[in-house]
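Data first, discussion second: the structure below is written as structure tokens.
Read from first to last, the chains carry the letters A, B, C and D; within each, the first residue is number 1.
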């Protein structure tokens, strides 16, 4: 028989009388003593946050909870309407939409920033790095993530808020600076405002806080889970999925297509 | 043309320069000023919480974040391993497991409590109601949700913690009392401890806080979203999905079955 | 060390040079020799189908592929629009809607039929069983699954088609008879047509073919996977998710709600 | 009021007494007359298939249904165990794993082929194109999709089967030729066999049949939906999710990690 495989995890463990999280006793040391925001830092960063970090994390968790009747929550409402006995499926449907176009683009934006500016880089030349990123995307004819927004074309108010808190809490660092430089330089070249967008600044802030780029959309996923449940809860009080269906059907024209 | 359909929502709205949430300006009044826990109350209950409620909500959000290498996070790790470019799908997979057997049973337990004891009931006879619930489940030969636990057969330490906070914050009310009575009476009849389980007490506390039974698993869904991302983040630092595959394959025997 | 756990599966196995499915060599005995419909029977029933069964399965797989711009495919389109790099998430979102209200109700309907009429029952009294089911649902004030349809209130043309094929292929059996009896008796009592609906007849046919009630919605899930991809493929050729968003927003009224 | 938005779809429409699919009457012209495989072509390609195409589609649909106890079906079993009342969620979890590493890589492979060899290219120089793709991936230090396989390192038997059917049915075209050339040239350079893998050949065949690269994983998604349900159905007959949990826990070591 082969050497037994060992699977080593450092996150948590459930014993008969204790549940351990990052080495803390969940019941004796965490619940009732820390906030969910603290727990977010403990789980994702491996330590409890400073007060400044907690303030920043709260902002990152809150900022994407709600954005009106957008695709993710419409999907959640429709799926809930079809399967009300499995509300978790409706939430899962909403989360599946945290991709590169909406909600999930922090990840792609953060990857772009890290690829261009390594975590351990010192005294970076922001102008040169920003120019090189822009040239690279131009050459590949790809749309740069992290800047530009359809609804908030004149600048997303959420970005200003987050940048303000990042500066106030001392989190603002080289990745925030780089993405603001990217926006400024792109705007200059295209002679119109191409603002930093909300998922762009979230990615930059998360990098500046030390999160790996791959999980920078954690905040959006947690926040939107709450947001989706908020819409589902309204759907329960005041169902509107059939009205959503109705307005789509009113606009619908069927023109059978064959090849 | 038919009268235009109107879809009225009270949650949020995204304008060009403002995002409104329950009538508050997201950027001016919420981000940087409230915690994610406050936001949870605002979204799900329609108002900011008192300090006591916030403490209770924090406990409800934290308590199910992490329980070691359980089914939901194993599923999340395996799916992430197959589709690392779409981490949201791995989180969605984990959430799909918030059903009646694990993680999601608050909903079924809370429904059972509300069906037996209406929200506006006054001076309920807890003994009679508990007995009637037990008889009803016995008659239908169904397993009662909210009490009993496989891993924590001698009592789930999380329940004691939550009950303590519920009492301390003044949240403890008739639904907490009823589920404790259910456990006591069932234990008495079966002559062995059938403890309240963690999703049972979460459901009862959420009802006592005024949440509708259908969304009592909101806390579990939000918490486990964080927990799943924690495991995915470890999977990124230290991949173990192929080891999980390996230990399953070591135990696997193929005995082709046909009819 | 504890006795090693053995996990015994009868479905399939991947060896270095062979893939086995229910004991067949996938490459030498199945691919190129059988249809996907045959494979459905092999996987779900453990044997290849007769020609009659194959005809019936084809009908069950096809019947729910497409039903216009309904909730599941709207959700798929919206999620695809947000995360086009992870099309599987959009399909998953659609499938999450296969619940008790739409698409997935075969399961609940089939369970109702089996609970009332065991698989090994002989010479059942259909009138008595149907009356007893109806009385039971009336008493619990629950809506009976399997009969009644919002869009096709005058009778669902798909039911007639499936019943025709079930009779032609000899699949029509006691469960088909029972659900037709349920519809007839309910219509008589309410003095208006309450037709068998499409998921109801699918459940009954699947039971008559020997499928367990729990997986009677397999056909809907497979069919709708194809249907959802069909809509996503159109979304790629001719994007309409933003138009769907637009018509919803045109109908939207924001009336901030607080408690 | 703005000009009403029109949403034009060519797939299907549900009328009161008719359901139309690509202009066909579902009940009168399709169900009972065509196979699910024909329906797949009708939905995804806009026309019924020739007999040769149908044979090829059957092979594409069957080939990935089953591959033993792999990640996707383990995830489906675990999620089903937690939420048996919502089997659709377990299937959705499995599908979420159809990503770039396993099951879903047809898409990435097909995109690579189309980017290098446009659909309307005539008399392509396969050697030059293959060399240019390899050089490009080498330069970017990325792993090429479509070739190489962990389990089937000496060649995947499924590829040979599919290539055989592609040649027999006349489907084999420039994309099949290109991916075989890619494998040959890479093997030559690395002085060891780097075989075409199964998702690579599926992508190439689908392109040769005229499917857009974005939906080449449709076949895998449909097939694996069936496969996942097959495993769930076995889980119902013979539950093994708790055994899967047990073998993972036996191998588990908890070493609390903090930063």
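The working rule: a contact is a pair of C-beta atoms (placed from the backbone, for glycine too) under 8 Å apart; a residue touches a chain by one contact, two chains touch by 3 or more.
In this text, all values refer to a predicted model and were calculated from it rather than measured experimentally.
By the residue-number overlap criterion, the interface of subunit C with subunit D counts as same, with over half of its numbers used by both chains. Most remote from subunit C, judged by the distance between CA-atom centroids, is A.
Subunit B and subunit C, compared by their mean Cα positions, are separated by 29 Å. One inter-chain figure worth recording: subunit C and subunit D are separated by 22 Å, centre to centre, where each centre is the mean of the chain's CA atoms.
For this pair, subunit A with subunit C, the centres built from the Cα atoms lie 35 Å apart.
Multi-chain contact residues of subunit D (touching two or more other chains): 5-13, 68-70, 83-86, 88-89, 92-93, 96-99, 104, 234, 243-244, 247-248, 250-252, 254, 257.
Across the complex, subunit B is touched by residues 68-72, 74-75, 78-79, 81-86, 89-90, 92-93, 96-104, 234, 241, 243-245, 247-252, 254, 257 of subunit D. Those residues of subunit C that touch subunit D in the shared complex are 2, 5-14, 16-19, 21, 26-27, 30-32, 34-37, 39-40, 43-44, 55, 57-59, 61-63, 65-70, 84, 86-89, 91-93, 95-99, 104, 107, 151-152, 154, 157-158, 160-162, 164-165, 168, 212, 214-215, 217-218, 221-223, 225-227, 229-234, 236-238, 240, 243-244, 246-247, 250. On the side of subunit B, the complex with subunit C involves touching residues 4-13, 20, 22-23, 45-47, 83, 85-86, 88-89, 92, 96, 248, 251-259.
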